[in-house]
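Presented below are the structures under discussion, each in the form of structure tokens.
Each of the next two complexes has chain A plus one more chain, namely chain B in the first and chain C in the second.
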Partner chain A sequence: MSYFLTQLANGLSYGLILGLIAVGFVIVFTSTGVLNFAHGSVLLTGAYLVAVLQDPIGFWAAVLVGIAGAALLGVLINAVLVRNLAEANPGTAAILMLGVDILLLTELTRRIGNRVLPIGAPWGADVVTFGGITLPTSRAIAAGLAVVVFGVLWFLFARTGAGVAMRAAAADGDTASLMGIRLTRTGAAGWALAGALAAIAGIFLASFPSPGIAPTLALTAFAAIPAWVLGGFDSVVGAIVGGLIIGVVTALAVGYESDLHFLGRGLGEVVPYAVMILVLLVRPSGLFGRQEAVRV
Partner chain B sequence: MSDLLRRLPLALGVLVAALLPLLATDFWLQAGLFAMAAVVGAIGLTLLVGVAGQLSLGHAFFAALGAYTYAWTAGEIGGRAAGLGLPPVLALVLAGVVAALAGALFSPISGRLRGIYLGLATVGLVFLARHLMVNLETVTGGFNGRTVAPFAVPGFSFSNSDPDYVAVAGVEFEGLHRLWYLFLAVVLLAAWLGRNLKASRTGRALANVRDSEAAAAAMGVHVARAKVTAFVLSSAYAGIAGALMALAYGRIAPDLFGLQLSIDFLIMIVLGGVGSIAGAAAGATFVVLLPLVLVQYSSELPFLASPGSGGLEAATLARLLYAAAIIAVLLFLRGGLAGAASRLRHRRDHSPPDTGGPPPVPPPDSTDPAPAHPGVPPRSKETTS
Partner chain C sequence: MKHRTRTTLALAGTIALLAACSTEDPDAGGGGGSAEGDVETGSGVTDDTITVGMLTDLSGPFAAGAAVQVTQTQAFYDRLNEEGGVCGRDVEVEVQDHGYDPQRAVSLYRSMAPNIVALQQVLGGPTSAAVLPLAEADGMYLGGHGWAGVALEYENAQIPGTTYSIEGANAVDYLVDELGLAEGDKIGVVYFVGDYGSNSLEGAQHAAEERGLEIVPQEITPRDTDLSAQVSALQQAGVSGVILAAAPAQLASLAGVMASQGMDVPIVGNTPTFGPSLLETTAGPALLENFYTVTSIAPYSLDEPGVEEARELYEAADPDGELGWEVPLASAQARLLTTALERACEEGDLTPEGVVAAMRQTSDLDTEGLFATPLDYTEVTEPPTRTVYVSRASADAPGGLEVLGTVEGPSAQSYTFG
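Let's look at the complex of A and B:
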């Protein structure tokens, strides 16, 4: 039983981190209509900055720089590249982001090489035990922080003018624009938020299970794509719920792999996508997605 | 006359491709085989993305399916990995058929999702493919992959033996040379079918769905069926492309069919110009040849470091150039290479003659009647209801 609870806690904490990444996908998508395939390399850039700077300026200052750096990178990608597309439509924007991802990832891979850069977090590889449940400290902190971040996001979107402006822009850009909302600003804010969330997620993913930063960290953002898709493409709540579902299912599939060996090895990698495809078969626009109304 | 002129580049291209094996070294032959395999897949994807307006990141799955179907059905009975020992010609056809069937199985999703949403859903297929490739060891050979039986028709094998010696114009035709012509034939067939499809009733229906699903439905097009048709056709192309890749490599493993292959296919068609068959061919050739050529000739480029020395390696440079190319095309070259080519042709055909003929055609934007209120977008989302 405690094994099950440990796996469940593991999955929930992992799911909250995935939720941070998936919410970034949602915010970029609703504010600028871009499928951000470069999200993984933005995440890696943030974590890389922390790993490089933690020695000279200390961990906490490095975290701030990493988060700000990832946010800035997102804003720059939007301002310099996305807004200057020759043909602005979601398809070309998605492919542009694939190109940006390759560019960033190649450069970061060249810089990191075969090394695993330590992130220097004060919690290191400690674990906490609570009521028979054992959880890495970094995961416990990540889970708590994610809940706080989601609370802040709720406050931002529900109670502040800037957040309401972003929601209005997402709901109907043309109308919001006529109401005096500057879509360039809401777009930039969306990219900045997404970059910051990705950097936070990256820092925690770099402390556990891997002991530091390697280029493969960027692939974790791809693991958040099923969470985003099954929650619905444009729902922040959906992304969080999707993250939790994918996190728990993945943790259970890995934890009970020996009992599920008839499904093959490496189950943890394929299960999120299998769940995504199954959900899409029943609900093509995800669990919380808006049914797109077709108007002529 | 102008019709002949228009076909001249195509005829020249085919002639060059047909004569190249007489001159080229093995490196270029091998690279050409990889490029032609990719061209087939890219044509299939451009039909889906460019004509039907659906995005797919799942083409690595269908290519893998085609490759392993060929390797399995044509494989020796009782080899290290299982095989059915079917004739290779049948196996090649089956590669396309099985991929098409898998595409049809995906139809509950591909018929309902639109554009980029489908693109995201198909990401899942790539990871599914990897899981199957690694775990179905008896058929796929697992992580290390399996060898691929050479292509053959009765009495003639597309390998180095049987017949052991064939020469044309004094050049010995080995496996690579023989495969070259097989691949060229498949590429031409794929391009011809694709062109006809675009011009056919089905193709026009697909384009209609791309432009507006509601309008297409009003015209009597079955939207879901049109989207499924495009997806199935495109899957079949990818399956054949996968089988060709298997033949070109001679040995296949799961790593060949990762997400990167899907991304490569997409970037090929965007570089070339989405929806254009010639563009898909050009884009595929560029994407395949760039890393191969840079790595092959890296020792002759002074600014490149040898692998492991920490400097700029050929493989890294190839990735950077590849990414820069796609970004540059998307920012500056509307419609990719094909779009640029058609603008050039347009400009040449309509260059103002000295005799005071009709003025040059103005860009399409300015032919629209000016909106009454310049600040207001001319068309709202709900012009009619």
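Let's look at the complex of A and C:
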């Protein structure tokens, strides 16, 4: 039983981190209509800044710089590249983002080299044990922080003028624009928010039980894509729920692989996509996605 | 006007592309003549130079380690040329970047083949798998392709040491003979699916059958850097040792999580699993406690003349470089090719085919400690050796590994290829 609970706790905490990344995908998509395939390298940039700065300026200051840096990078990508696209075609923007991702990743790979950079977090390799469950301290903190961040996001979107403006812009950009909402501002805010969330996720993904920053960290962001899609592309709640589902299913598939060996090895790799496809078969717009209005 | 420029550009591009794709006879280029007595020459050899090619990854996932190998290979040939070169000629290295893309590797090979006599290196599993059959058809020597067992199917491939499967079999033998595992015990194998990890798993499975142990396989990908779930599963299965066929990031996670869950069992890694920077991560203490590695190539710290020479060359070429197994490996690979070139020269046939034939006559080759035993390349389908170095993590040894000795266990001897 404690084995099951341990795997479940692992899955939930990992799922909440995936949720942070998936929410970033959603916010960028709803605020500027871009499928942000550069999200992984923005995440890596934030985490990389923390790793190289934690020694000279201390971990907490480095965290602030890392989050601000990733947010700024997002804003720059939006201001310099996305807004200059001649026509807002999601396909063009997605390919542009793939290009940005390759450029950023190549530079970061060059800087990181074949080293694994420690993130230098104060929780180190500690673990917490409660009720027979052992969980890395970093994961427990990540889970708690993610819940707080989601709470702040809810408050932002539901209770503040800026948040309401962002939701209005996402719901109907043209009308919102006519109502005096500046889409350039809501777009920049969306990219900044997504960058900051990615940096937070990156810090925890590079903490124990992962060894530190390596270029493969950028690929982890892609693990959040099934969560984003099954949650319904444009739903923040969907992204969080999607992250939790993918996290738990992956952890259980790996943990019980020996009992599921008739399905073959390497199940953890396939299961997120299998779940995503199953959900999309039943609900084509994802769990919480907006139904497209179809005129007959 | 604008249109005409565009058309011209497109035309020029097409012509360049066609030229790059043309399958010119590899024997057509080069000098053809002979400065040194009656040595027959073909592509890549002129009266005063021998050109060898390196297709490596300078922009993809293995860029950092690949750059170390390029630096070291260049330093090796610079010194060789100062000492008189090979066959009265200087050896030049033509380096191209395939970025770990098999398609690009093939195009680069096509454009490079007419100008080189041999391929010093095609780095990477999928990239070398793409180039190997083409090089074989051209009769072109290909080295430095890693240790996947599939290379033993090719006459033109010179594997730098033994295979991952023999490493895996030796790892099991070492766990049983030296680290106290016994019949009936379980060994976890955490591996990258593909020609590296799967090959290591095959060797471990063979050895486990021979020695009466059970393998608990866990498949992962390079993206997995948090191995919590895998470790929990291995702990649940009750393994007494773990073999890892992955990369440094996975090793650090595996060792760190095992330590945090109180799993005090040895970890034995294949050659590419370790990097010295891991000792600075949170997994450092766990690695010092439990990590061993079985390697074809000598670790950086080994005190043998071949490795000492490699270290000295590298530290002069790049005083701040990372001290890993890539350094002795690049020296060893350059030495293997140099040996083949020298023999080809003696035989009077310095054509690409002549180099392959000379390589296949190499037996009992002493590498002064770069490899664990003398090497024998006369049998295509047999590895040149079945002995590996065993080392463990050490905070004091340069490169982070301290050599414990060599191993050629009974299961490594009984493993069959084919």
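Convention: the second predicted complex is superposed on the first by the 291 of 296 C-alpha atoms of A that agree within 3 Å, B and C clash if a C-alpha of one lies under 4 Å from a C-alpha of the other, contacts with A are read in each partner's own complex, and residues count from 1 in each chain.
The working rule: contacts are C-beta pairs under 8 Å (C-beta built on N, C-alpha and C of every residue); 3 or more make two chains touch, one makes a residue touch a chain.
No experiment lies behind these values; they were computed from the predicted model shown.
Once the two complexes are overlaid through chain A, chain B and chain C clash, as defined at the top of the document.
Of the two partner chains placed by the overlay, only chain B lies in contact with A:Leu81; chain C stays clear of it. When the shared chain is aligned, no partner comes close enough to touch A:Tyr48: not chain B, not chain C. When both complexes are overlaid on chain A, the residue A:Phe233 reaches chain B alone and has no touch with chain C. In the superposition on chain A, contact is made by A:Arg110 with both chain B and chain C.
Contacts of A:Ala274 after superposition on the shared chain: chain B is touched, whereas chain C is not. Contacts of A:Pro136 after superposition: chain C is touched, whereas chain B is not reached. In the superposition on chain A, A:Arg265 contacts both chain B and chain C.
When both complexes are overlaid on chain A, the residue A:Thr92 reaches chain B alone and has no touch with chain C.
After overlaying the two complexes on the shared chain, residue contacts for A:Phe288 are found with neither chain B nor chain C. The clash between chain B and chain C in the overlaid arrangement falls on one stretch of those listed (6-14, 24-32 or 168-176), that is 24-32.
Of the residues of chain A, those at positions 106, 109-110, 113, 222, 265-266, 269 touch chain B in one of the two structures and chain C in the other. Contact residues on chain C toward chain A in their complex (touch as defined above): 59-65, 193, 216-230, 232-233, 236-237, 248-249, 251-253, 256-257, 259-261, 275, 277-278, 280-283, 322, 324. On the side of chain A, the complex with chain B involves touching residues 35, 81, 84-87, 90-92, 94-96, 98-100, 102-103, 106-107, 109-110, 113, 174, 222, 225-226, 228-229, 233, 264-267, 269-270, 272-274, 276-277, 280-281, 284-285, 292, 294-296. Interface residues of chain B, counted against chain A in their complex, comprise 49, 53, 55, 108-109, 112-117, 119-121, 123-125, 127-128, 130-131, 134-135, 212-215, 218, 259, 263, 266-267, 270, 274, 310, 312, 316, 319-320, 322-324, 326-327, 330-335, 377, 380-382, 384-385. Considering their complex, residues 3, 6-7, 10-11, 14, 106, 109-110, 112-118, 124-127, 134, 136, 205, 208-212, 214-217, 219-220, 222-223, 250-251, 254-258, 265-266, 268-269 of chain A touch chain C.
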